[in-house]
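Both of the next two complexes hold chain A, though its partner changes from chain B to chain C.
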Partner chain A sequence: MTIRVKVVDRPVGEVSYVRATVKGLALTLKHLIDPHKVTVQYPDEKWDISPRWRGTHRMLTTEDGTAKCVACGLCPTVCPANCIKLVPGEDEEGNRYPLVFEIDEFRCIFCGYCQEVCPEEAIHMGRHYENAEYSRDRFVYDLARLTSQTHPVSELWDPADRKGE
Partner chain B sequence: MVHTFSLLLQVADSQLPPTTGVFVIASIIKMLVMFTLVMVTVAYTTFAERRISAWIQDRHGPNRVGPWGLFQVLADGVKNFMKEETYPADAHKVLFMLAPALAFVPAMLTWAVIPFASPLPTPWGRIDMVVADLPVGFLFTLAISSLGVYGLTLAGWSSNNKYALLGGLRASAQMVSYEIAMGMSTVCVLLLAGNVHLSEIITQQVTMGWNVLLLSVAFFLFIIAAFAETNRVPFDLPESESELVAGYHTEYSAMKFSMFPISEYANMITAGAMLSTLFLGGWDIPFTTWDNLPPFTVLKTLLTFGFFAAKVVFWLFFFIWIRWTLPRFRYDQLMSLGWKLMLPIALAYVALIATVVVVLDKAGIVRGHMFGLILFGINIVSVAALFFWLDRGRMVSPAYSRLNRAGVDQLRAVAPRRSTLKGPGA
Partner chain C sequence: MADNTVNLTIEGRAVSVPAGTSILEAAKTVGVLIPHYCYHSGLPVAGVCRMCLVEVEKSPKLAPACATTVGEGQVVHVYSAKALEARKGVLEFLLINHPLDCPICDQSGECELQDYTFQEGRADSRYREPKRFNPMEDFGGDVLYVQNRCILCTRCVRFMDDVHHAPVLNVTERGDRAFIGKAPDADLTQPWAANVVDLCPVGALVSKDFLNKARAWELDRTASVCTGCSQGCNITVEMRDNVVVRFKPRANEHVNHFYMCDEGRANYRWLNRPDRLEVPMADGRPVDWEVALAATAALLKGKKAHIVANASLSNEAMHLIKRIAGKTGGAVTYAVNTGIEAALPGATDLAVRADRAANATAAELFGFTRTSDVLSGLSAQHVLIIVDDALDGISADAVAKAGAVIVIATAMPTAVARANVVLPIANVVEEEGTLTNLRGRVQRFLQSKQAPGLARPSWFVLADLLQSLGEVAPHLTARAAFDALAKAEPAFAGMNYDTLALSGQTVPGALAGARA
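This part shows the complex of A and B:
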C-alpha cells in the first residue's frame, strides 16, 4: 500500500532551495554584522525596574531607628497569604509596637495589600529581586532584617497620578 | 654523536633540497608545529562557532572568561578533563574506548600532505612547507578522510544504544554517498593538473588561474560534499540531536566525548584547507607570480602562509555561517541529493571538462592563461545553466516533488474523504 502524504502544491519560487539558501545566508549575515542585541549583561548591568515593582519587604524606621510599625494588626488581617506574623506589645506610655514581626517571603504572594493598608506607611514592598539564600529558614524575615534592608521601596501608586495616567 | 649531529646540520645551498638528516629533523619540527597549530585552531574554532552563532542570533556568546571570552577554550578543556567518564554497562569496552581515537587520528592525519606555504630557505637547504610532500597527496587525503567514519560508526555500534547505532549507521551511509560525489568532483581538478600531487595542483592554478573560476560546478559539489563529510549542518544527521538524542556520541562523556567535536572541527579545518588547495590556489597570492618563483625567501614563506591561513579561516567562517542558517536535511533528501543530483552532475561535468581538455590540447593551446580563459568562459555558461535548472526544478526532493499535476490530482482523488475520517479532527 502506498503511503498517502499531504500534497501541497507550492510555486517554484517558494520551494527553490537555491534562492532560499541565499536569502537565509543574507539574513544571518545581516544579523551578524548588525546585531540587535537585547541581552542584558546581568550582574554588570541591570534593567531599570518599574517604580511599582513589588519585591521583598522593607520596614521603614523613624529618625531614632525604631520601626514605624504601631502593631495595629491591619497587615496580618488583610494579607491573603497569611504570611505576616505579628505579636503586639505596649510600652509604659501606652504606645503599641511589634514584639514580633515576621514575614514569610515564601508564603507571600507579593500583592502589596500590606503596604496599601498600613496607616503609618511602615511596611513597604521593595524594588528588589535578588533574594537568593542558602537555607529555607532564611526566607522568614524578622523585624531586624526588615528594618535593616536599604533597597528602594515600591510606589504602589503615585499620589499625584492615582490612575497611572 | 656530536660529529654525526654536525654532519646532519652541515651548511648547504638554501635554495636546494636538504640532506636526508636535515629532512628528518625538519619533518619532525613541522609535525609538531602543525599539530599544535591545528589543535589551537580547533580550540578557537569552537570558540568562534559559539561567538558567531551568538551574534547571528543577536546574543553575546561566551564573553566572561578573559578578554572577550578568549580563555573560554581553556575553561572548556579543563572542564572536559575533570568530568566523570561513564561507561554503559553493555558497551563493547575496547571499541568504545577506541572509537574516539579512530575519529580523531584521521582528522589530524590529512594535514600531513597539505602544502601551507612556499618553500622556506634555511642555511641547511630548502625546506618544503608541507609535512610530507607525498606524490599521491590527493589520493592520500581521500583515503584518510573517509577513514574517519570508522570512529563514528564504531562509536555508535559499541555504545549498545539504539540512537547511537542509528547515528553511526547514518554516518557511514552518508560518508559512502558523498565520498563518491566528492571524488568525482575533484576528478576535474586532477584532469587540469594532470597530477594528484597537491603541490602540482597549486602550480597548475598559478599558471591557469584558480580552479574556483575554471571549475565552479566542481567547486560547488565539493563544498556540499565537504559539508557532508565533516557532518556539519545541513548534513549533521549522524548527530541529529532533535531525533537521535546526540547520535553516535550519545553515550560518551568527558574527554572521550570531547574527542568527537575536536575531530569534527579538525575535519572542518582539513576540508577548508582542501577547498583552498584544490580550488583557491592553496598558498598562492593572487594577481602575482612573485611568490611562486625562486628565489624563495622567508618573507615569501610568511606571506604565503598568511594567505593560506586567511583562506582556511574564511572557510571555517563559511562552515559556521551555513550551520546557523540552514536547517537539517531529512534523511531521504540527503540520499537523493547525494545519489540523484550530485553524482550525475559530477559525472556529466567530468565528461564535459575531459572533452574540453582533450579538444584544447588537440588544438595546440598551451596550458596557460589562454587555456584558463577558455575554461572560464565554458564555466560561466555551465554554472548559469546549472543554477537556472536547479532553480526551476525541486533540487532536494520534498515528499511531493516527483508528482506532476496529474499525479497530485490522482492522489487527492484516492485520499480519504474528510467525512469518513474518525476522531475529533473530522
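This part shows the complex of A and C:
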C-alpha cells in the first residue's frame, strides 16, 4: 500500500523566504544606524545594583573602630547554612565582644537573615559582587576583614517603611 | 473521697488536691503553668510579683495563685481576658526599668521575663522616660548582681534567709529605687550561695564563671549525678561543642531538692582536661584493644592482683572489679579524700558530705578495703591494677614495688613511672552508669560527652578484661552490666535501669549502716 501525503498548495507570497530576509536585514540596518546599547563596558562601567542586593558581608564599627557586634549569638543561631562561627569573649571593662567571628562565604546562601536578626545592626550584607580571590581559604572572612571593608551595605527594607507595609 | 481533698475546676479541668494546696500547685497537677516569678516550690510564699494573678469566679478581685489556697467548688480562669489584662500590666511595669539587653544577657534563652513577655506581654513599650540606671555589683563568690535587670522577686533573699540560714541579702530602698542589697562586710561565699543564680528568674544574678561563655540555646543538656561528694546531687551537665561548660542542679526531692553546692558546681573543669589517655598501650607502645587485653591477661596469669579502685567509679565498674579480684585472688583497696561537711540547713538531709567521693557506699557494699595507704601489702608477687585512681600521696617507689603495673584510667597517675599495660577509659560524663549515694540511693547518670580517642567506658573495658581472664561477662551495654550486677548482688536485687529511672531507688537496709 502506498502512503498518501497531503500536499498543501500554499501561495508563493506566504512561503517565500525573501520577505523574512528583507525584514531581518532591515532590523540589522536599523541597529547599525541607531545603536541601542545593551552591553556595559565592565569593569570601566558598572551597573547600578538594587539597594536590597545581598552580597558578601560587612561588619559595621563604632566610632572607635571596633566592631559593633556584642557576640549575642543570634546570627549563628538563625543562619540556615551554619556558616557563621562565633566565640564570645569579655574585654577589660567586662563588655561582651566577639573573640572569633568568621563567616564562610562559600557556605553562605546570602539569605540576609543575619542582618535582619542583628540587634546591634552590626553585621550587614554588602552591596557589591566582586569577590574573586586567588585561594579558597580567603573566602572565610574573619572579623578584621569584615570590619575593614568599605563597600555600601544592603537595605533589607525601606528605611521609611520598616515594617514593610 | 477523703475529707481533706478539695475539688475545683481550673481552666475547665477538674482537679482534686489536698486542702491547703495553692491554686498554682493545683494547676501544675493538670498541666497548666500559671506564670510566676516570686513563687518557687522550695521557698516560702511571698506574693510580691503579682504575675500569678488569676480570675476566681465569685471572687471580687483577681487572686494571686501562689498565695491563694484551693477552695471547694472554685472555678479558676487562668487565661480569661481579665487575668490576661492584669498580667500584661504587671509585665509592662516590670519592663519599665528593665534594660532589654537580652543580646548580652547570660540569662537570655532561659529567662522567665523573656518567656512570659513573649507569651502574654505587650509587643512594644509605652514608656518614654529615661530608664533608671544602676551599676553592676559583685556579690562575691560566683555571683554578679546586675541591678538593672532585677525584678525584685526576692527569691534570692528568701533562699539566703530561710533555706541557707545566712541572711546576707535584703531589699534596700523603696519604690523604683529598690534593689537587692548585701549586708556590709558579707559576701556570697557561703557553701550553697550560688543557688541564688539558678533561683533568679531573670538575668539579675549571674554566674561569674559562666559569664559570656555560651548562650543558653547552644547548650546540650544531659541528666547526670554530681561526683563531688557522697551526697550524689542530681545534676544536668551542660555542654557546648563537646566541652562541659557548667553544671546545674536537677530537682530530686529525695536527694538534693532543687539545689547543689558551689563546690559541686565548680567541679566540671577536670572533665575537660586535655592530658587524657587516648590509646591502649602495652610495654609503652600504642596497640589495639585486643592486644592490650591479651597482654593484661598474660600478666595476670598465675599472679595475684592488687586492685586500687577510685571511689567514684560506677556500680557497674565496681562490680566487675570485684569479679576480677575474685578471679585473681587479690585485694581491692580504695582511698577517699575527705573535706569539711557543710549542710544546707533549710533542706532535709542535704549537705556537702565529708567523703568527697561519689560511690564509697558501693565500694563498702562490695567489701573493698577503705584505707589511706592503698598500696599496703603490695609486693613483687602482685600485679598492681590501678582503676582510675590518681594515687594521691603515693610515691613512685611504692608503685615500683609491684611485679607489674596495669593502668586502667582516664589520665596517667603521676606516681606511675612505667606501666606494663595502659587501658584508657571514659570519665563520668562520657559513659553511662549508676552511683550509690551515702543513703544507699542508686542513681543513673547518662552519657553527655564523647570519649577522647579510643577510650572505652569503664564497664566495657573491665568486662572485656574479665572475658580475657576466662570468665563470662558479655556486657555490650551499661544496662546489661547493671542487670548482671543486680543478679549477683542481693542489695541491688530487682533493680534495673527502668525501675531506677532518673530519680533513683534506695538499696534496702542501706540507711542503717550509712556513713554520715
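Keep this in mind: the second predicted complex is superposed on the first by the 149 of 165 C-alpha atoms of A that agree within 3 Å, B and C clash if a C-alpha of one lies under 4 Å from a C-alpha of the other, contacts with A are read in each partner's own complex, and residues count from 1 in each chain.
By definition in this document, a contact is a pair of C-beta atoms (placed from the backbone, for glycine too) under 8 Å apart; a residue touches a chain by one contact, two chains touch by 3 or more.
From a predicted model like this one, the values you see are computed outputs, not experimental measurements.
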Partner touching more residues of chain A, whether chain B or chain C: B
Chain B versus chain C as contact partner of A:A160, first or second or both or neither: neither
Partner chain in contact with A:E120 - chain B first, chain C second, else both or neither: second
Touched partner set for A:T77, first chain B, second chain C, both or neither: second
First (chain B), second (chain C), both or neither touched by A:R19: first
Touching partner for A:A132 - first (chain B), second (chain C), both, neither: neither
Residue numbers on chain A that touch chain C, as the complex places them: 70-74, 77, 88-90, 94-96, 119-120
Residue ranges of chain C touching chain A (in the complex, touch as defined): 102-104, 108, 136, 211-215, 217-218
Chain A partner contacts - residues on chain B that touch it in the complex: 52, 55-60, 321-322, 324-326, 387, 390-392, 394-396, 398-400, 403, 408, 411-412, 414-416
Footprint of chain B on chain A - complex, ascending: 4-9, 12, 15-19, 21, 24-25, 27-29, 31-32, 35-39, 41
